[in-house]
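What follows are several structures.
Here chain A shows up in two complexes: once beside chain B, once beside chain C.
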Partner chain A sequence: MVEITDVVCSLCGCVCDDIVVEVEDNKVTKVKKGACSVGKSKLMGHGRIESPAIRDNGTLKNCSYDDAIKKAAEILAAARRPLLYGWSSTVCEADKVGVELAEEIGAVIDNTASVCHGPSVLAIQDVGLPSCTLGQVKNRADLVIYWGANPAAAHANHMKRYSYISKGYWTEEGKKNKKLVVVDVRRTATAKMADVFLQIEQGKDYLVFSALRAMLLGYEDVVPEEVGGISKKDLLETVRMMKEAKFGMIFFGMGATHTRGRHNNVVNAIQTTRAAHTHTKFSIMPMRGHYNVAGINQVCTWETGFPFAVDLSRGYAWYNPGETSSTDLLVRRECDAALFIATDPGAHFPGESIRHLSKIPVIQIDPFPNPTTEFADVVIPCAISGVEAEGNVYRMDNIPIRLRKLVDTEYMADEEIMKGILEEVRAIKEKEGE
Partner chain B sequence: MVEGELLIRNGVVYDPINGVNGEKKDISIRDGKVVEEVTNPKVIDAEGRVVMPGGVDIHSHIAGGKVNAGRLFRPEDGRKGRETKTKVCRAQSGYSVPNTFATGYRYAKMGYTFVMEAAMPPLAARHTHEEMVDIPILDNAAMPLIDNNWMTMEYVKSGDTDLLAAYIAWMIKATKGYGVKVVNPGGTEAWAWAKNCDINDAVPYFDVTPAEIVKGLAEATEKFEMPHSIHVHGNMLGHPGNFETTLATYDLVKGIKPYRNRPTMHATHTQFHSYGGTSWRDFESKAGAIADYVNKNEHLSIDLGSIILGDTTTMTADGPMEYSLYQITGRKWTNHDVELETGSGITPFLYSGKSPVNTIQWAIGQELALLVKDPWKLALTTDHPNAGPFIGYPIIISMLMSKRRRDESAEDMHKVIFDRAEYSSIDREYDLNEIAIITRGMAAKTLGLHEHGKGHLGVGADGDVAIYDISPEERDAGKIQKAFLNTKYTIKGGEVVVKDGEVVATPAGRTIFVTPECDDKLTEEMMVKLKDKFDHYYSVTFNNYPVQDAYLPNPYEIKAPWRS
Partner chain C sequence: MGTKVNLISGRTIVQGQNLDNKLSEEYFNEVATCELNKADMERLGVAADGHVKVKTSFGEVVVKAKEKGGTPEGIIFIPMGPWANALVSGNTHGAGMPQYKGIDAEIEKTEEEMLHVKDLMKTYMK
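Then we have the complex of A and B:
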């Protein structure tokens, strides 16, 4: 038995990196400390895709890695409008090969931000993002606001490691000298811990941000007695807390990005932060879901200039979310082949998109079977990044951390698989005398 | 580096480090290095064209968190520089914030082969390195920010210079960095509470002043045989009347002895620090006062931070400065404060010749170059992309070489240029040798890279050569500008990477890093304090913090022993 410390969890955007595990006979046998229950179960491992496989007459038939990679390359090289999607739950090294492959075959490369914090990216492109690292919040924040986010369920260690419950330099006593405000439509587990819970009406985020912002800028008089289900008195109290804080922090989640208003909500959230910043230090951060969704946005941006929904069919990067985002592309039935890596469109894409996917060749790269496996034509299992393979990821605050390899595996890593496909595609194109 | 021999014949060579000033001379390269002679080479006939060593940029923001945040929030900039992928080149995008591939290609086309990334937040150092790996052709290095760090301020306060030295040694090693970068010392920590500091203000909670931080870091740096001095962006950048703070900053390190014959401080993007007046209304150039100081003192080097007119993306670890800029323009603003270490701000900015303030700024950058007498004391930069993108260098070169071009340009600027700047009264014109100094020789020497093959063409130097498509007699400013934008040939490590202004090969660059060698005892003592910071305040563990070797596929190490 060996103990491994400083293990990094490859599940959610918290990227906890102080986990201790025990490894015996090349298996993680115990997670001793640091991980939440979902993180723990990922580290301990569960049902895997056993072998590469190619669909033949409706059923998946096991094959070698070589054959699966060759088949994937053939599909992609022959496609006129391929889509390469996912990338948020794998490492940056694989993402980089993905961008290169997209250039090679003139594909659209898109990532899960497209269906989660895409609206946040659009908002940032409009107004910017006054933010900070999570350790900044840990050491300084005396007011934490979660808006449309329920970390108690979705980012279990977030409050403990970085925000409301954590202890830092000016926050030695943890939550004792901090205030927690939660804004949500439901009384979530996080809301139950809050000093102030603003239970807003569904779809009224924009109005409530506007009211707070008006008050922060000194236009209290224009705010009516009730906004989005919240009394003016409660709004004023929240604004008082914001102004009196030494360091305020807003974390927002899908509750803000995926209700009526979408990216406009986020623009307004950022403007509210800027308004608060005229009184005291205030910052804001999206609660990124997958452990490396921030990373694929980074890689895609430094390599192509744009963070998601990048169309390379012209030979240069064309970025136009709404046109070049995957669900739009699929709804228009434009793609004629798709590669999904470390993601499950079968579970997350709208029905119309799935119907089109069932008609075109689909390649899946994933350690685990999921609904996409049901209709994929080529299935390529891979090593679990952070357990069986190392690599770089970006935490939700864009801090890069290196995943560790804990055990050996026969499975190929995502990066190797992607490189294999790229090489095969190049070989095919060379043969075609391109 | 490629194997084989190359001979560059009949060029007119400007190699100021070796005292070669416009001599007709052949350059021989074998296996990537300059040699005495070659026997069976591939020949490039330079036919009387201007030949210089590969360019060396001492200060540019090309990789890392804030550069990428700039790209991410400015798709409108990304759309500007789009170029289609070719057999050799990846797809390109961006103007003021080009993607990594375009960054490499465009620098190489200007004849540059080394660029220093000027600001690496230590906690995000992996990010800087990941991007540098993706910048083709250029050799590179990066300077970690070590001035607003709690450890630094605590040691400055207690006066433990040796322990401070142990700390900076650890940081430079942990980040695979090159030297000590200072950006608004104390002010960026204050910005974590939405405040700022001038040079003699106490930093909130830490009870030290920026002046003490700068002095402490200079003393600690000189404990080692560091190739480069501290690299300083002082307090009050961009504020009217800041030249006094600037001069006071320069004076801080005057008595400190450098380990070798180089300055004890490199003061960067001096244009932004040479402002007179009490507000934007009576804003004026103080380039004269700054140049005077530089002329009279030997402990200091500067780079210009000269303005390129047009739209750009400003970015710096000086968070409060970016906030003031955003308040002036009302445009978008990104901020990213980094725990225990530093911060950063980013906002777009338009430099307009119609604006009196921008006009003065524009004049100051060039005035500095013209008023500092010894070109070995200054390097050409635009603090890319802060004063403008690096692809504007050829514009500045043509300005410095042509009084006529300056006079014509001044006519298009706001009329304040004639009464609140010295600009139009300066007659000096640079020659090609001086241009070679401020674009390669000086930077290589100041960074200590001339000892590692950069910035010159002596035997043993890297086979990095730029051949410009002009004769030494050329006086036409437009032709000079064009020639410096796209070389006839750029050769990197003996390999032709640019031919007739087109990129023809994209070898990977090397990352150069410094290893300061510190006494084990001191390191151990320092480590107790450092580990406490990780145990209680950092959000990343001590063991996960240092940059792993995997991030430097082509490393080049420079050792910096402790000075006994």
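Then we have the complex of A and C:
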């Protein structure tokens, strides 16, 4: 048995890097400390896709890696409007090859931000983001606001490592000297811990941000007695806490981006943070979901100039979410082939998009069978990044951290698979050129 | 005609624990569910684990009802996954983002069976 320390978790955007595991006979046998129950489940592992496979007459038939990679390349090289999607639960090294492949075949390359914090990206491009690192939050924040986010379920170590419960340089007593405000439609597990819980009416985020912003800027008189289900008294109390904080922090989640208003909610959240700057130090950060969704946004931006929904069919990068984003492309039935890596559109895309996917050739690269496997035409199993393969990822505050390899595997890593497909595509194109 | 409700979807701990295990019973038991307020459960005449049919303009699914105190009246919560997303529109209103929260839906008690994930995916292949 070997004990491995400083293991990095490849599950959520927290990217916890202080995990201790035990490895025996080339298997993670115990997660000793550091990981939350979700991260632990990931590290301990689940049933795998056993072999590469190609669908033949409706049934997936096992084949070699070479055959699956060749078939994937044939599909992509022949496609007129291919979509390459996913990239958030793999490493930046694989993402880089993905962008190269997208350029080679004139594909749209999109990532899970498209159905997650895409609206936040739009808002940030609109008004910027006064943000900081999670280290700053840990060491300085004495007021933490979770808005439309339920870290107790989605980022289970977030409060303990970085925010409300953590102990830092100027916050050595932990939550004793901190305040927690939660804004949500449901009284979630996170809401139950809050000093102040603002239970807003569904879809009223924009209004409540506007009210807080007006009050922070001194226009309390224009705010009515109730806004979005919250009394003026509670709003004033929240504003008082914001003004009195030494360092306030807003973390916002899908409650703001998945609902009516989308990016406009986030613009207003950012402007509320700015309004708080007239009184004290305040910062804001999106609760990024996948462990490397921030990383694919980085890679995609430094390679193409844009973080997601990038159309390379024109020979230059064209970015127009709403047109070039996956859901829109699929609902318009524009794509004629799709590659999904480290993602599961079968589970996470609207039914309307899946209907089109079931009619076009789909390539899936993933360690685990999932709903997408049910309609995928080429299935390529891969090593689990952070367990069987190493590489760089970006935490939710855009801090790069290197995933470690804990055990050996016969499965190919995402980067190798992508390189294999790219090489084959280039060979096909070269042949066509002759 | 079912009762009009506002549907939201989102993460749960058990859903997260089974992200890599979506074809399992654990995932099915957690994600093919619908959380409701006690008053809404009584209004529908549905007991815990009773089946409910949820319909939107974009689809319908049968899921298991679960009473959840923190959920306000008129709101139903289905954990993110294939069952919730069968009800979501692909219209992104020009923003690229489907509306996964705040969907007009109708809910009613049903005796119909729930579809397991593989069968649910088959409905898209017709």
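Assume the second predicted complex is superposed on the first by the 433 of 434 C-alpha atoms of A that agree within 3 Å, B and C clash if a C-alpha of one lies under 4 Å from a C-alpha of the other, contacts with A are read in each partner's own complex, and residues count from 1 in each chain.
In this text, a contact is a pair of C-beta atoms (placed from the backbone, for glycine too) under 8 Å apart; a residue touches a chain by one contact, two chains touch by 3 or more.
Every value quoted in this text rests on a predicted model; they were computed, and no experiment measured them.
A.B. asks: So, does A:37 touch the first partner chain B, the second partner chain C, both, or neither?
C.D. replies: After superposing on A, A:37 lies in contact with chain C but is clear of chain B.
A.B. asks: In the superposed arrangement, does A:319 touch chain B (first), chain C (second), both or neither?
C.D. replies: After superposition on chain A, A:319 lies in contact with chain B alone.
A.B. asks: Could you look at A:135 and tell me whether it touches chain B, chain C, both or neither (first, second, both, neither)?
C.D. replies: It touches chain B, and chain C stays clear.
A.B. asks: Looking at A:301, would you say it contacts chain B, chain C, both, or neither? Reply first, second, both or neither.
C.D. replies: First partner only.
A.B. asks: Of the two partner chains, chain B (first) and chain C (second), which one does A:168 touch, if any: first, second, both, or neither?
C.D. replies: It touches chain B, and chain C stays clear.
A.B. asks: Between chain B (first) and chain C (second), which, if any, makes contact with A:186: first, second, both or neither?
C.D. replies: A:186: touches chain C, not chain B.
A.B. asks: A:409 in the overlay: touching chain B, chain C, both, or neither? Say first, second, both or neither.
C.D. replies: Neither chain B nor chain C is touched by A:409.
A.B. asks: What part of chain A is in contact with chain B in the complex they form?
C.D. replies: Against chain B, the touching part of chain A is residues 5-6, 8, 17-18, 92, 96, 100, 103, 121, 124-136, 138-140, 161-162, 167-169, 246-247, 274, 277, 280-281, 283, 297-299, 301-307, 312, 314-317, 319, 390, 392, 394, 398-402.
A.B. asks: Using the touch rule from the top, collect the residues of chain B that touch chain A in their complex.
C.D. replies: So the residues of chain B in touch with chain A come to 63, 65, 67-69, 71-75, 78-79, 82-85, 90-94, 97-101, 123-124, 126-127, 130-131, 134, 192-194, 326, 332-340, 343, 346-347, 536-541, 543-544, 548, 550-551.
A.B. asks: Write out the stretch or stretches of chain A touching chain C in their complex.
C.D. replies: Per the stated touch rule, the residues are 11-12, 37-38, 41-42, 45-47, 114-115, 118-119, 122, 150, 152-154, 156, 185-188, 191-192, 199, 202-203, 254-255, 257-260, 262-263, 308-309, 321-322, 324-328, 330-331, 344, 346-355, 357-358, 367-371, 374-375.
A.B. asks: Sort out for me which residues of chain C touch chain A in the complex.
C.D. replies: By the definition above, chain C touches chain A via 6, 8-13, 16-24, 58-59, 68-72, 75, 77, 80-82, 85-102, 117-118, 120-122, 124-125.
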